[in-house]
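Letters A, B, C, D, E and F mark the chains in the order given here, with residues in each chain numbered from 1 onward.
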Amino acid sequence: MMPDLGKYAVEVLSAYAVSLLLLAVLVLWTLRRGRTARATLDAAEKEAGRHG
Amino acid sequence: MRALLIRDLTLALRAGGGFGLGLAFFLIVTVLVPFSVGPQAELLQLIAPGVLWLGALLACLLSLDRLLALDFEDGTLDLLLTAPLPLEGALSVKALAHWLTTGLPLVLAAPVLGVLLNLAPAGYLWLVVSLAVGTPALSVIGCFGAALTVGIKRGGLLLSLLVLPLYVPTLIFGAEVARRGAGGQEVATPLLMLAGITCAVIALMPFASAAVLRMGLR
Amino acid sequence: MRALLIRDLTLALRAGGGFGLGLAFFLIVTVLVPFSVGPQAELLQLIAPGVLWLGALLACLLSLDRLLALDFEDGTLDLLLTAPLPLEGALSVKALAHWLTTGLPLVLAAPVLGVLLNLAPAGYLWLVVSLAVGTPALSVIGCFGAALTVGIKRGGLLLSLLVLPLYVPTLIFGAEVARRGAGGQEVATPLLMLAGITCAVIALMPFASAAVLRMGLR
Amino acid sequence: MSIWSYANPVKFLTLSARVQPVLWVLSMACVATGLIWGFFGTPQDYRQGATVKIIYLHVPAALMAINAWFMMLVASLIWLIRRHHVSALAAKAAAPVGVVMTVIALLTGAIWGQPMWGTWWAWDPRLTSFLILFLFYLGYIALWEAIEDPDTAADLTSVLCLVGSVFAVLSRYAVQFWNQGLHQGTSVPVATGGRSVDDVFFYPLVICMIGFGLLFVALVFYRTGTEIRLRRAAALRARAGRAA
Amino acid sequence: MLRVDDLTLARGGIPVLTGLSLALAPGQALILRGPNGAGKTTLLRSIAGLQPPLSGRIEGAEDRVAYAAHADGLKAMLTVTENLAFWARIFGTSDITPALDAFDLHGLADRLAGTLSAGQKRRLGLARLLVTGRPVWVLDEPTVSLDTGAVALFAAALRAHLAQGGAALIATHIDLGIEAQVLDITPFRASAATRAGASDEAFL
Amino acid sequence: MLRVDDLTLARGGIPVLTGLSLALAPGQALILRGPNGAGKTTLLRSIAGLQPPLSGRIEGAEDRVAYAAHADGLKAMLTVTENLAFWARIFGTSDITPALDAFDLHGLADRLAGTLSAGQKRRLGLARLLVTGRPVWVLDEPTVSLDTGAVALFAAALRAHLAQGGAALIATHIDLGIEAQVLDITPFRASAATRAGASDEAFL
């Protein structure tokens, strides 16, 4: 399954690990921020609805 | 005290509060060095520990003027003086908050920037250790300088001028540790000296700062 | 316009006004360099032109935040906007005052500090020339940065962050002139580029600064 | 219907809700295919060994890092000229994505550099200009964060983006003058159609580039929606508060 | 002299005042009243040209307004005379003695502005109006910190200005002791529903 | 409660007030009057312990004074609630609702202090007095920029404070609408001949 990476296994794997990690963090952070934004907006809508 | 620490940290983290800016400045100074002295890797390697220490010191220095000046301008400092807090304690807390928001990030970022300057592999550990031991002294001494210049309109540059000479011993020993570390020599003596300076300064300096501040606000 | 220039110069010369502080900072950074990289004369000679340029740039940078922030805080800027002065002109004048009180002293002091760092004899002339040609650009670009950050509480460090990358081309060509000069190589190309940048920036940047300032104060 | 009608936040949200699922699926599929194909399905380079596999991350990330700034530049211009809020917010939303791309390019480059050039970092012009781009991103984001009023922030960051672009190009020339480098020349010159890498490496690379591009678009769509919602929440709150 | 038509103003992206009109004839003073946060400062800043209105027109303000804000714009490190002389030169007038006379500043002429008390600073800030030579004064709480004597000086200066055909628009909470029309801006407060192109509107 | 004996005060190295005595009983408010530059701010700063008197004694001030100066000590980047909560924790009290109630700040509770109007800021600055829990209020022109409603709120808060046995020393130029003793400090102005250990005296 795993391709033979020769003597550069560490480099290649760490490059992939670092990049995928960064991408994952970016996507997750984005999604989380999006969710909190939706929640904030819903709360604000409700409040505004109550006021007027 | 806890309230003061939390407030200072909150303010630093808020928009425009300046958290991370010291870091950014450190990064930029490090980046500019090759532009000014040229891109040769061996030359950079030679000066790397020194440049990193100097960069950390300058980044620390630049964020000093917000340590007290902001509180002075909007009148908070006057009110704090009338509050039931020992001024020495308040100033120590402020120095601590400064270190947490400026010194600590610098320590953590230094190895990354070491890469840019081709730091010798043996040097990373000692660079981090020397910065971790030395930067608290920079914050505390800086707090003294800030207290000295607090009444003065835009004392920022004057502050630098007053504080820089006070930073010299810390810089000498700190950079020495980092340089010896990078060169594979023994580092115990300068490291001990550095630790000694830091401890002494943390123990004594807040009293001087508080005295100076009381005089300045009179 | 003349009135504004004279006022800015007077303020700079008054106590606490910051005249000479840029110079002092320049001096101290230059002095700290041997402490941090070690005292070997050849090494210092090698990095001298670069360090001097970098020091001048940092000194210039540090005095930027008083360019507009003081006038903003005490309300003068609002009043100036309602005065019968084109804002572009006012900002150019302010940048000029900044150069006269910061850049010019740096140019004059650089040779003296060159001695401290063992600058090669051939380098003095070109160091001074490159600084004289380059520092006006630093003041004008800095004025743009100051206009960008003017509404921001204690924007000082943010200002550095924004301005430093803008300084890169000037620094590269300026330091290149100084280095080539010290090494006895030809300097015409980078010097021309440096002069080009300075002219373009003086001609165009005030418009950007004025636009940004109007937006920021709205 | 003019394209500008999508500058209306509500319209934009509807549009983005419609296209986003497609974008996400497509981009994830492309990235996954490209990376898996590249990682498992391509041979080693005779000179670079297994390290060529880094190209599937490095080049797309580098490409998107530059394109993200370019997109911000265009969005800033649209904001300055036509004052469409969505455009300003899109620029704001793109910046963090751009930074991450820049960081990936820098990190993978550094990891690649160690075996190839024997050093993590060299002051090569291409690398250096990337570092400068990174600094511009940092300044741009810091400025957005520092300004209270959202419209003023949009104005100022837009001008910074414009001026910054000019200086970034200038820096590029300055850096080239200062140090001639050891970095690869471009291997995907779109204009000429010629290329310097073998087909085996090329196809997965192209798929990765498309995937990264789509991922960028999807992220920007999503993040712009987030910014719009936050603005709306703030506006509602502020009006309610002011009325009280 | 100054005429404002159907103005809508925003602060921090939110409408504050709406549908406000006013006119000022030469020799006339108009006093703005309204509770804290009503939008007086916002209105005065707009008329001084420091912030564009959302909608509506402001006529006759261009280059004719002398604005005095909450902050005085004094340089702590310049003396009283130097501060005044600077503004005089900026506005192209030259004689500062009338201004020193009007606000009784001769005794303080050589003091640094930074060492004045709150009320003395304010007097200097008001003296600046006289050296601008501008016909329309736009003043935001001019008598803050002034003692009764100084308020009288200010009233006298204002009367002289009006007698010369000038006009003044003054926001204040306290009684200035001048006969002038009063405009209460409370009725013009914008409600949460006001739509006039405020920057947050696209999001509502 | 507070007692000041034969005080001589200097500002900028020059004597400003001399021979001033006053006493404050629990439940009493004392209003300081005097023209601009008379030395009111100087006196209040001394009582708050911010500057030592040249001669004379101040009793009962130590750790019992809540001082409100010309500047409000607000952090623009903290909300109204956060600002108050900070001072409450510093002074060891915890509940800020009474303060919010007293100055009608509930509607503004989540606003950043930097975006308040001049009068709203001042209200917040005064609310700070309530969270200090200190018995002696020392106030420098507290009602600057306040509208009539807010002045009434302040008067009510002050009355409640006095009713609880507190005391207050207030410098002001305008009428606060509270029944209180008035002390005019003009007679205590130091003349050029005052010798009381000012820093320039050694040179006279």
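The rule is simple: a residue touches a chain if its C-beta (ideal position, glycine included) is under 8 Å from a C-beta of that chain, and two chains touch if they have at least 3 such contacts.
It should be emphasised that the depicted structure is a prediction, and the values quoted were computed from it without experimental measurement.
Participant: Rounded to a multiple of 5, how large is the rotation, in degrees, that superposes the C-alpha trace of subunit B on subunit C?
Facilitator: Copies differ by a rotation of 180 degrees.
Participant: Between A-D and D-F, flag the pair that has more C-beta pairs in contact.
Facilitator: Looking at A-D and D-F side by side, A-D shows more C-beta contacts.
Participant: Using mean C-alpha positions as chain centres, tell me how far subunit A is from subunit E in Å, no decimals.
Facilitator: Roughly 52 Å separates the two chain centres.
Participant: Between subunit C and subunit F, what is the gap in Å from one C-alpha centre to the other?
Facilitator: Comparing mean C-alpha positions, subunit F is 44 Å from subunit C.
Participant: Hey, how far is the Cα centre of subunit B from the one of subunit D, in Å?
Facilitator: So the centre of subunit B lies 34 Å away from the centre of subunit D.
Participant: If you average the CA atoms of subunit B and of subunit C, how many Å lie between those two points?
Facilitator: Each chain reduced to its C-alpha mean, subunit B and subunit C end up 24 Å apart.
Participant: Residues of subunit F that contact two or more other chains, please.
Facilitator: 70, 76-77, 114-115
Participant: Going through subunit B residue by residue, note those that touch at least 2 other chains and give them in order.
Facilitator: 15-16, 21, 24, 28, 35, 38, 73, 153
Participant: What are the residue numbers in subunit D that touch two or more other chains?
Facilitator: Subunit D, residues with two or more chain partners: 132, 135, 138-139, 142, 146-148, 178, 232, 234, 236-237, 239-240, 243-244.
Participant: Spell out the part of subunit F that touches subunit D in their complex, as residue ranges.
Facilitator: Touch residues, subunit F against subunit D: 107-108, 110-112, 114-115.
Participant: Which residues, counting only subunit D, touch subunit A once they are in their complex?
Facilitator: 35, 39-40, 44, 49-51, 53-54, 57-58, 61, 96-97, 100, 103-104, 107-108, 111-112, 114-115, 215, 219, 222-223, 225-227, 229-230, 232-234, 236-237, 239-240, 243-244
Participant: Touching subunit C in the complex: which residues of subunit B?
Facilitator: 16, 18, 21-22, 24-25, 28-29, 32-33, 35-38, 43, 46-47, 49-51, 53-54, 57-58, 62-63, 65-66, 69-70, 73, 152-158, 160-161, 164-165, 167-168, 171-172, 175, 179
Participant: Can you list the subunit E residues touching subunit C in their complex?
Facilitator: Contacts found on subunit E: 45, 48-52, 63, 65-67, 69-78, 82, 86-87, 89-92, 128.
Participant: Can you name the residues of subunit D that touch subunit B in the complex?
Facilitator: Residue positions touching the partner: 110, 119-123, 131-132, 135, 138-139, 142, 145-148, 178-179.
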